[in-house]
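One chain, subunit A, links the two complexes that follow: it is found with subunit B in the first and with subunit C in the second.
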Partner chain A sequence: MKGLELIGLEIAVIAAGIAILLLDLWTAKEDKRRLGYAAALLVGVIFLASFAMLFEGRQEAFHGMYVLDEFALFFKRFFLIAALLVLLISVEFADRFESGVAEYYAITLFALAGMMFAASANDFTLLFVSIELVAVCFYVLVSFQRQRDRSLEAGVKYLITGALSGGFLVYGIALIYGTAGTLNFRELASLGPEVLESRLLLLGLLFVFVGLGFKIAVVPFQIWVPDVYQGAPVPTTAFLAAGSKGAGVVLLARLLYTGLRPIADRWGPVLVMLAMLTILYGGLCAIPQRNFRRLMGYSSIVNAGFILLALAAGTADGLAATLFYLAAYLYGVMGAFVVLCLARCPGQEDETCVLAGLHHRSPLLAATLTLAMVSLAGIPPAAGFFGKFQVFKAVIGQGAAFPYPAWALGVAVFGAVVSLYFYLNVVRTVFWSSTSESVAPIRISHATRWAVYLVIFAILWLGILPGAILNLAEYAVHSMGL
Partner chain B sequence: MNVGLHHYLIVSAVLFSLGVFGVLLRRNLLNIYMSLEVMLNAANLALVAFSRFNRNLDGQVLVFFIITVAAAEVAVGLALIVALFRMRRSTYVEDLASMKH
Partner chain C sequence: MQDVLFYIFAALTLVCGFLVVANPFTRNPVTSAMFLVLTIMSMAGLFVLLEAFFLAAVQVLVYAGAVIVLFLFVIMVLDLQVEERRKYPRSAMLSGGIVAAALLSVMLAAMRELPGTTDGPALEGSTAALGGLLFRHYLLPFEMVSVLLLTAMVGVILLSKRKLK
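Up next is the complex of A and B:
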């Protein structure tokens, strides 16, 4: 059947998940933790295999529902790297699960498959199915520490808000289908502005945006973020911040830049307004936070605002900036969560005492966390600086054509300055805060050490020599016909 | 009386609003969950009606996917709510506020 070779990467990921579940049956209880290395290895092999996929330009399968182009491949590789790092982190975290360690790895892989399908979705059917595959997997992943009160509470909160946004998404798709008569993005674009501007269709689009905005954590669909980030197991939080947000971004980008291209002047201003609200809300709420995980939640909201700002530009530059920004954000988040996972205090909820005096316990982790914070704050020479620079460039490059350019720039600068404060506050706690209890140095396993090196290397590489990834992003954007 | 597309859409809109209000106003997790399912079924009804009157089968295919996904979501969701009930002995949303700062 035509098309099966195009979804080879996704099939491989699902097969890897099933293989982990099967291997679980023949693994002794004390070795189950190590299955995570097997899963990470498989993901790494699939990542390398993605470069061997040779094809001529853009290919479609399943009646145009699934599309494979450089843009999709960029995001597939992004998700694969995110999953690889998450799996390595979760091996360190595995002793905090009461049972079902192998299932945790397998469900992470299934969520990864959903994200990879999302990267190729060119149709509302595949958009819905992939977004729900990711969501259902995350309901389980968030509440995986069943014996822990907060994990369950976070899971239920994520479930209710996620299902609510899913309901809006489906109803929005129904309205769009009713007015346009098609579910395909390409056919939607060919309908012309008069159909696309009908009120029922715009209402439907608004509802679809509720579903996607929930994933990206855009104000006003962000209420779940701080609680879920705080309650979920650390690897899940990392995957939520990088992977789930990325899935929302790729779906939104493809919908806006292919299906809704003819009415760009309609969605541009709405996106800019929401982006400004998101940056302001996230930045202001992050200031009083003392809990590191809640802080990362609000940081995730601020970053969602910047991503939305870049998307709103509606140009090839804006989309390339989005891609680069996401890549930089991935390593910043992973750097923070690797440290959060390794540095824990026995007998305590792993939040309060992990950061204070970290540089006594492990200089490597302290350096990683500092670099991650510097990158997220957007200070050169880290990756985040160049990401923010690209976003500003895309906004300014459009000049007066960008909706509310002065306001947008002002809010973005304000957001960048505020986040400087709360990220550097974390660095201050790591190096200059006094610890009362004597703490043992942290032991880091070999695999995790490599993950840490990878994160450090990537942050510096993207910050100092951004050309390669930027070329890749521009190439990806070009493949969408922009 | 001739039943046209509008009638189906009105029923679907009413169902959807009932679902949204149920989610926002109810305090019991099981009631909320039921309201969420009503929202999904409102969308299903609209999709099938549109599909019939547009003479295009894509909408009905999507409905099959929605039903399947909803079943999976219910299985996971109810399991979660049961696990929460075992721990807290309550399914009311007021009791879900242990995480603030």
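Up next is the complex of A and C:
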């Protein structure tokens, strides 16, 4: 059957998930957490296989619904790396689940499959189904520690707000279909301006923004972020921050840059407005935070703003900046959460004790966290600096064609400065806060040590020699015909 | 005749849907569920007018039948007395009302300027046509839904089983 070979990576991921579910039956209870290594290994193999995929340009399958190009592959690799790191973190976290460890890995894999389908979605049907697959997986993953009230509360909040945004999304799709008569992005682009500019279609597009903005954590659809980030298990939070946001971004990028490219002047200003609001809100709310995970929630909102700003440029440069920024953001987030997962203090819900005096307990983790914070804050030579630089470059490169260029740049600079403060505050707590108790050194398993090395290496590599990834991003953007 | 029926069913859907969420006479959740049945029934009527007979039947069988029964079970198992007596803060009502009004005005503005008639999709509501679409054109999303359902099943069992060990 045609198309089956194109979705090979996704089929492999789903098969791996089902295999983990089945292996669970024959695994002794004390070995169950090790299944996570098996899952991570499978994901690693699939990641390598993604480079071996025979590839001759852009290919479509399933009536143009599914498209495989370099852009899709870039995001598939992004999601695979994110899932690999998340699985390694969750092996460390596994003893905090009372049951269902193998299921946790399996559902993580199913979420990964949903994200990978999202990377290739070229049609509203596939967009909706893949986003719902990711959402359903996260409803479960967020409330996984059901013995903890906070986790359940986060699960309920995520479920209700997620269902509401899903309702808006499907309503928007219905309005667009009713106006345009097609669900396919490519066919949408070929329609005349009188259809694309019609108010009903723009209203539908606004509703689709609601659904995708919820995933990306854009203001005003961000209200769930701090609570869910705080309540969910640490690996879930990491996957939510990197993977789920990435899925929203890839869907939005594909929709705007293929389907609605002719009306870029209509959605550009809306995106810039939302981006400015998002950066301001996230930056200002992050300042008083004392809980590290809530801080990461607001940091995720600020970063969503920068991503949106790059997307709003509507140019190839803007899209390439988005891709690079996401890659840099991924390692920053993973660096933070791997430390958060390892450096715990038993019996305490609050995470303030995790950070205080971390450099006594584990210099490696303290260095990782510092590097991650430096990267997220956008200080050279870490990856985040170059990501922010690319975003600014895309905005300035557009010149007067960019909607509200002066305002957007001002807000972006303000956001960058404010985030400098709250990220470096974390570093200050790690090294200079007075701590008396719990100076037991932290034991790190071999696999996790490698994950930590990977994160450190990637942050430095992307920061010092960004050329390779930047070329990859530009290549991916060109594959979309920009 | 069809137009008249459309307006009747559409009005019924809207009125009953409103009564599900905001019934001025009672806050009893069972009443809400019953109005939901009526909403779904009138939506089935709309599907019939679109000649989508299979969807209309599924709407009645699955939603009005199975799903609502499940809702009623949950309502009866849970003790909702507290919920019934709870008063919503005025600020929440006010902001909700403002958002709803804003949304309504935007939608009305959009409706005023409908685009020229596009060729609507051919009306084919027979079960065979629907099956053909699902298994040919929409095969990939259809199969993905099966993964979604598997995840949902695993998740529900995990989150609801009595003993954690």
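The definition used in the following text is that the second predicted complex is superposed on the first by the 480 of 482 C-alpha atoms of A that agree within 3 Å, B and C clash if a C-alpha of one lies under 4 Å from a C-alpha of the other, contacts with A are read in each partner's own complex, and residues count from 1 in each chain.
Following the convention adopted for this analysis, a residue touches a chain if its C-beta (ideal position, glycine included) is under 8 Å from a C-beta of that chain, and two chains touch if they have at least 3 such contacts.
Note that the structure is a prediction, hence the values are computed from the model and not measured.
J.: By the touch definition at the top of the document, which applies to A:A113: first (subunit B), second (subunit C), both, or neither?
T.: In the superposition, A:A113 touches subunit C alone.
J.: With both complexes overlaid on chain A, does A:D317 touch subunit B (first), subunit C (second), both or neither?
T.: In the superposition, A:D317 contacts neither subunit B nor subunit C.
J.: Just to be sure I read the superposition right, which of the two partners does A:E98 touch: subunit B = first, subunit C = second, or both, or neither?
T.: Only subunit C; A:E98 stays clear of subunit B.
J.: Just checking: does A:D69 make contact with subunit B only, subunit C only, both, or neither of them? Give me first, second, both or neither.
T.: neither
J.: Between subunit B (first) and subunit C (second), which does A:L21 come into contact with in this model arrangement: first, second, both, or neither?
T.: The answer is second: A:L21 touches subunit C but not subunit B.
J.: Kindly classify A:G181 by the partners it touches after superposition: subunit B alone (first), subunit C alone (second), both, or neither?
T.: A:G181: touches subunit B and subunit C.
J.: Is A:V129 touching the first partner subunit B, the second partner subunit C, both, or neither of them?
T.: both
J.: Does the superposition put A:E474 against subunit B (first), subunit C (second), both, or neither?
T.: It touches nothing on subunit B or subunit C.
J.: After the superposition on A, what does A:Q289 contact: first (subunit B), second (subunit C), both or neither?
T.: Only subunit B; A:Q289 stays clear of subunit C.
J.: Residue by residue on subunit A, keep only those touching subunit B in one complex and subunit C in the other, then list them.
T.: The overlap between the subunit B and subunit C interfaces on subunit A comprises residues 125, 128-129, 132-133, 136, 139-140, 143, 146, 155, 181.
J.: Tell me, which parts of subunit A touch subunit C in their complex?
T.: The contact residues of subunit A facing subunit C are 3, 7, 14, 18, 21, 61-63, 65-66, 98-100, 103, 106-107, 110, 113-114, 117, 125-126, 128-130, 132-133, 136-137, 139-140, 143-144, 146-147, 155, 179-181, 194-195, 198-203.
J.: How about subunit B: which of its residues touch subunit A in the complex?
T.: Those in contact with subunit A are residues 9, 12, 16, 19-20, 23, 29, 32-33, 36, 39-40, 42-44, 46-47, 49-51, 54, 56, 58-59, 61-62, 65-66, 69, 72-73, 76-77, 80-81, 83-84, 87-88, 96, 98-99, 101.
J.: Would you tell me which residues of subunit A are touching subunit B in their complex?
T.: 124-125, 128-129, 132-133, 135-136, 139-140, 143, 146, 149-150, 152-157, 159-160, 163-164, 166-168, 170-171, 173-175, 177-178, 181-183, 226-227, 230-231, 289-291, 294
J.: In the complex formed with subunit A, which residues of subunit C make contact?
T.: 106-107, 109-116, 118-121, 137-141, 144-145, 147-148, 150-152, 154-155, 158-159, 164-165
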